[in-house]
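Below you'll find the structures, each written out as structure tokens.
Paired with subunit B in one complex and with subunit C in the other, subunit A is shared by the two complexes that follow.
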Partner chain A sequence: MPYRKSKVYTRSIFYVILPVTVAVLSRVYPYLISGLPFSVDSWPSIRYAELLLGHTPVPLNDASVFGGSYDELGDKLFGAVVSALTGLQPVYAMAFFVPVAGAFSILVFYVLVDGLYGKGVSFIASLFLATAFSDVILTAGVKGETYAHPLYLLLIFLFLNQKLGWWKKTLLFTVASVSLVLTHYYTAILTVAILASMSLGKIIFRAKEGVSLEIRNLILPAILAGSTLMYFLLYANWAFNFVSVIDWLSAASYQAVLFPLTLWLALKHQTQGKARTAFMCSTFSVAVFAFTWLATRKPLVPGAPVLPANYILYAGPFIAAAPLCVLGYGMMRKMCSGEHVMPLFWLAAVLGLEGYAIFGNAGPGLGLTLAYRGVNFILPPLAILLALGVHRLYEHEGSRKAFKVGAALTLFILSTNVYSFYAAVNLQERYMGYFWLYRIPEYCAAAWVKGLAGNMTVAGDVKTFYLLKYYFDVNVDVFQGLKYLTGNARKPQILFVYDQMFKNGYVVYGGYSVDLPENWTEEASSLNQVYSNGLANIYVG
Partner chain B sequence: MLLRKRGTALSIIAIALLVAILATTNSIINYVDLQVQTLGRLVSPGATYVILSRNSTSIMDSQVDAELVCKLSNLSYVGYVLPQKILMVNLTASPSSRTVHVRSVEDVGGFLKTRRAYINGTAAKNWTEANAGEILARALSISLGDEITLAVGGRQVKVRVVGVFRSQTQSDAELVVPMETANRLAGNKDTVSLIEFTLKEGVNSLEAVNQITQLLPENVKLVQAQQLKEFAQRMSMQTLAFLNMWSLAVYAAIVAASYVIATRLIIESSYELAMLRALGGKKLIPLVLVFTYTTTVAFTGSILGIALGTAGAQTASTMLRWIMPSVGITPFLEAEQALQTLLLTLASSILGCIHPALKTARTRYAEQPL
Partner chain C sequence: MGVAEVRLKFIEKAALSVGIILAVTPLIGLTLNYSPFGIRFSSVLASLWLLIAPSAAVAIIRKRQTEKKTCLTGRARSTLGQFSM
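Let's look at the complex of A and B:
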């Protein structure tokens, strides 16, 4: 018996350690190969942490010290504290520890899923999430979203947790809510929608079961909503003008349509039948494939690029996940409990947001941003459904063939995700965030420009802009460089170009690059080259 | 208890589908209305009259005696008088050269103000200065401070662009200069291409126009500029009036649906209602229950309907855009419209359930079938 107990214990430890280790390694990998923080958004955060350490004690919203950039403070404060504790410079401390903090979302997710479905499902789901391309990329960066991710999952974990006492749970929830709101208000708003959807689902489920409704569950999303509103009123008044009432109404419409649909899926009578299941699996796969294919033919969201045909491969995990999710849904319904179907409401709330981003006529910039950021929030509930599907194939279908199919799909999803990550970071694929990876020579060139620029304006793309403007405090005109290189503007005072422009073009707002004309190097050569280090060149007009 | 009945979901869906029709129609009409309003704003202010020469085939051919300007200005009921000379000019802005429309006015600043233009720079004040419309500036890569050459026939004038403006009128594709510049280019200052004028507010336009017509020589004609803005506003009002009338039919359907829902509820719950009365419940209890049930169903149904209508219209329009990229319909619903629909649906629903609810309240439990 003791031997068996220790074996179970060892397995449990393995189940936790493996996904968390994979998550940490994959998220710090970009930093390890480049030696610099990942993501363009890292520079404002790092500068804030440096200023905070240099001027402390100082009010956190002191504009004379921090300029206008003092919102979304979570990762910045964390970076400053870690830097002070480790003695490392903020740039290195944050480049390493913020992604590590983001990777701990996998640990929270493991505990959350374990509480609902057990260790086996939790292990598979965590492994999927730990390797999911979009999640890895977005939580490898030094940015508010990375630091907000574990907080967001922690809030959902606390909401679903039945073991903690009410007051203890509410207290922890309030603290985590305030932290999340201070870190990333977009995540906070989405979490309010998710928790509201789950609360209502829970109440209706309990009403149907004829047990106490536990209306007090609505208090938790109300706390988060209240904290968010308070934050907007005190620190981000501009947000009220940023999104109009018409947009709020549109966004709420998608939530209101998907909620009853989810409720129906959660409550409907479970129908059995292998033929029906096979049909549903095929239909979902074809639907996801068709949607992906469409993205390679049309701009799905205004302002989005039309993706090359080979990008269907990068959507492979979603196409392969579709049938497994259908199986997972079946498995979830068999469990016959309100708690077990909560991930459906979670998924519905995020899909509602995606629906608004794609169909809701949001402005070109907003729609695109919401669409690609939303994918990251779809992943956790999707990973749960996926893991349930795989688990069903392994343990319940019983046939060797089902086992093989499950294993093959799992391997395909994991390997495609890893390859997508490799393609983004190492192969510098154009539409997968290649420009988030800064190299040391680019940093050196930017530091050199800082000494040269003075009051002059540098013409450079968005990648250059974030580094020069938000870290080195140099004036940058993003469009002047593009206009000059395409022959539509006068000579800039300083032009900053780098090697990736040959392959991927000029990065503009919205997270992708536009093509430069073939003779753009001639335009650059007509200026005086004053600096070159092999990767980055600087010209003076 | 009553809400857990099997028919509740179907009742909500029935109301939702009816409301969705309204929401969809409203959201599409809103888009069309916005487009019409935008179109209306593209045209210069309404109630404008223009004097042109009778035999001209285009504005450039038109030649109106400049003395008419003084005559018009002296009339007490005339608002503003704006003589304009329009020329086709060969514009040379290094390195390109193109033939463009040049519009000349006495007061360039005042003219741009009447066009509600936004200007980058200043308005031209003398014959060496000019203002370029945004479209023209982009097409010929003209920047603020550029020197350009204007030529008509053998005459040539060099001017500096001191402002680039956006008025969302046809002038955006033109160069606007002081009248003196045009006079130098055309070589005469006795005629203008057209005279634009307005009447003061409260003036009887028919009478005033008759008097002005009598003052005019025979070789000119008076035309009234199209008043697209007013036309657009009237179109919107008419569409809105029609929509309101048409939505009465939908609300009538909601009244009927609520009647059916309430009646069915009463029939299906007759046992429970009779039991309540038998146990000593007051007369009002069935009434309150039926009202509460119907209101809840209508409230949920209208929220779902508004959401379904808005999201459905937007989804359909986006999918249509994927298939036919030239289609750019973007439906949207205003918050006031959503609130109005919600309240009217609730009112219609209450109206529909009054009769069955009152009937139930009046029925004694002994008369009810158990």
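Let's look at the complex of A and C:
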């Protein structure tokens, strides 16, 4: 018996350790291969932490010290504290510890799912989330979003947790709320929507079951909403100009439409039948495939590029996940409890935001940003549904064929996710965020330009802009470089180009690159080359 | 509240600890920055110690109290069990 107990214990440890290890390694991998922080958004945060350590104690919104960028403070304060504690420079401390902090969201996610559905489902869901391409890419950088991710999952875990006492839960929730608002207000607003949706769903379920409604559950989203509002009123009131009342109303209306739909899906009479399930599975797969195929034909979001046909492969995990999610939904319904269908409300709140980003009246820049960031928030509830679907195939269908199909789909999803990550980081695929990976020669060239530039303006793309403007404090004009290289502008004072422009073009706002004409190197050569290190060239006009 | 609560599993405690550390660290930085000490090695170390030591003391005391209550409840249950036999 003791042997059996230790074997079970070892298996439990393995269930946790494997996804968390995969998450940490994959998120730190870009830093390990490049030696520099991942993501263009890293540079403002690192610069802020360096200035903070150099001037502390200092008001955090002191424009004379920090320039104009002083919002989303969580990761910056964390970086400053870790740097002070370890003695490492912020650029190295943050490049390593912020993605590690982001990876620990998998641990929180594991216990969240474990509490609802048990170890098996939790293990599969955590593994899916740990390897999900979008999640890995967006939480590997030094940015508010990375640091906000574990806090966002912690808030949902605390909200759903039944074991903690009410006051203890409320205290921990308040601390985590304040920290999340300080770190990433977009995540905070979305979390308010998710928790409000879950709270209402919970109350309606309890009313249906005829037990105490526990209205006090609404206090938790109210705490987060109050913290967010306080942050906007006291510290970031410029945000009210950024998003208009019409935008708020439009976004809220998508939530209002999706909530009753989700409620109907959660409450409706369950229909059985293998043929019906098979039909639904194939319909959802075809629908996701059609949506992906459409993205390779026309821009789905204003400002988005038309993707090459081979990008359907990168959407493979979503296409393969669709039938498993249908099975997972069925499994969730079988559990017959309000707690178990909460991920549906979670998913609906995020889909409401995605709906607003794609079909609403968000501007081209805001719509695209919300759309690709929103994918990251869809993944946790989707991973839960998917894991339930896999679990259903493994445990409940009983046939060897179902087991094989489940195993094949799982392997396909995991391997395609890993390949997508490899394609983005190592193969530098054009529309997969290749420009988030900086290389040492690019950094050296930027440091060299800092000595040369003075008050001059550098013409360079968005990748160059973030490094030069937000880290080295050099003036950069993104569009002058593009105009000059396409033959539509006068000579720039300084031109910064690098080798990836040959393959992937010139990165513009919105997170993708545009093609340069074939003779762009001739345009560049008509200037005086003053620096080259094999990867980056600098020209003076 | 303590008696009605169900005990958290080890992994839940670990996840909560990690999550709360991540939530508290920026708040420590925020507080220190607005104090005369600023964010420096010694001030961070001192503030972490000031946070961890009292929290650990409270946790130990509460754990002992809970164990006592559990022990008493267990004894009462076993006594009642004997009566029912």
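Definition applied: the second predicted complex is superposed on the first by the 541 of 541 C-alpha atoms of A that agree within 3 Å, B and C clash if a C-alpha of one lies under 4 Å from a C-alpha of the other, contacts with A are read in each partner's own complex, and residues count from 1 in each chain.
Note that in this section contacts are C-beta pairs under 8 Å (C-beta built on N, C-alpha and C of every residue); 3 or more make two chains touch, one makes a residue touch a chain.
Here the structure is a predicted model, which is why all the values come from computation and not from measurement.
Colleague: Per the overlay, which chain contacts more subunit A residues, subunit B or subunit C?
Modeller: Between subunit B and subunit C, C touches the greater number of residues in subunit A.
Colleague: With the two structures laid over each other on chain A, which partner does A:I440 touch: subunit B (first), subunit C (second), both, or neither?
Modeller: neither
Colleague: State whether A:Y254 touches subunit B only (first), subunit C only (second), both chains, or neither.
Modeller: first
Colleague: Is A:L60 touching the first partner subunit B, the second partner subunit C, both, or neither of them?
Modeller: second
Colleague: Quick check on the superposed pair: does A:A207 touch subunit B, subunit C, both, or neither? Answer first, second, both or neither.
Modeller: Only subunit B; A:A207 stays clear of subunit C.
Colleague: Name the contact category of A:G355: first (subunit B only), second (subunit C only), both, or neither.
Modeller: The first partner, subunit B, only.
Colleague: Figure out whether A:I215 sits in contact with subunit B (first) or subunit C (second), or with both, or with neither.
Modeller: neither
Colleague: Can A:L25 be said to touch subunit B (first), subunit C (second), both, or neither?
Modeller: Once the two structures are laid over each other on A, A:L25 reaches no partner at all.
Colleague: Intersection of subunit A residues contacting subunit B with those contacting subunit C?
Modeller: none
Colleague: Could you please specify the touching residues of subunit C with respect to subunit A in the complex?
Modeller: Going by the criterion above, the answer is residues 1-2, 4-9, 11-12, 14-16, 18-20, 22-30, 32-41, 43-45, 48.
Colleague: Quick check: in the complex, which residue numbers of subunit A touch subunit C?
Modeller: It is residues 12, 16, 52-53, 56-58, 60, 73-75, 77-78, 80-82, 84-85, 87, 101, 104, 107-108, 110-111, 114-115, 147, 150-151, 153-154, 157, 162-168, 172, 175-176, 178-180, 182-183 of subunit A that touch subunit C.
Colleague: Mind pulling up the subunit A residues that touch subunit B in the complex?
Modeller: 207-208, 245-246, 249-250, 252-257, 260, 294, 298, 300, 355, 358-361, 488
Colleague: Can you list the subunit B residues touching subunit A in their complex?
Modeller: Interface residues on the subunit B side: 3-4, 141, 303-304, 306-308, 310-312, 314-315, 317-318, 322, 325, 330-335, 338.
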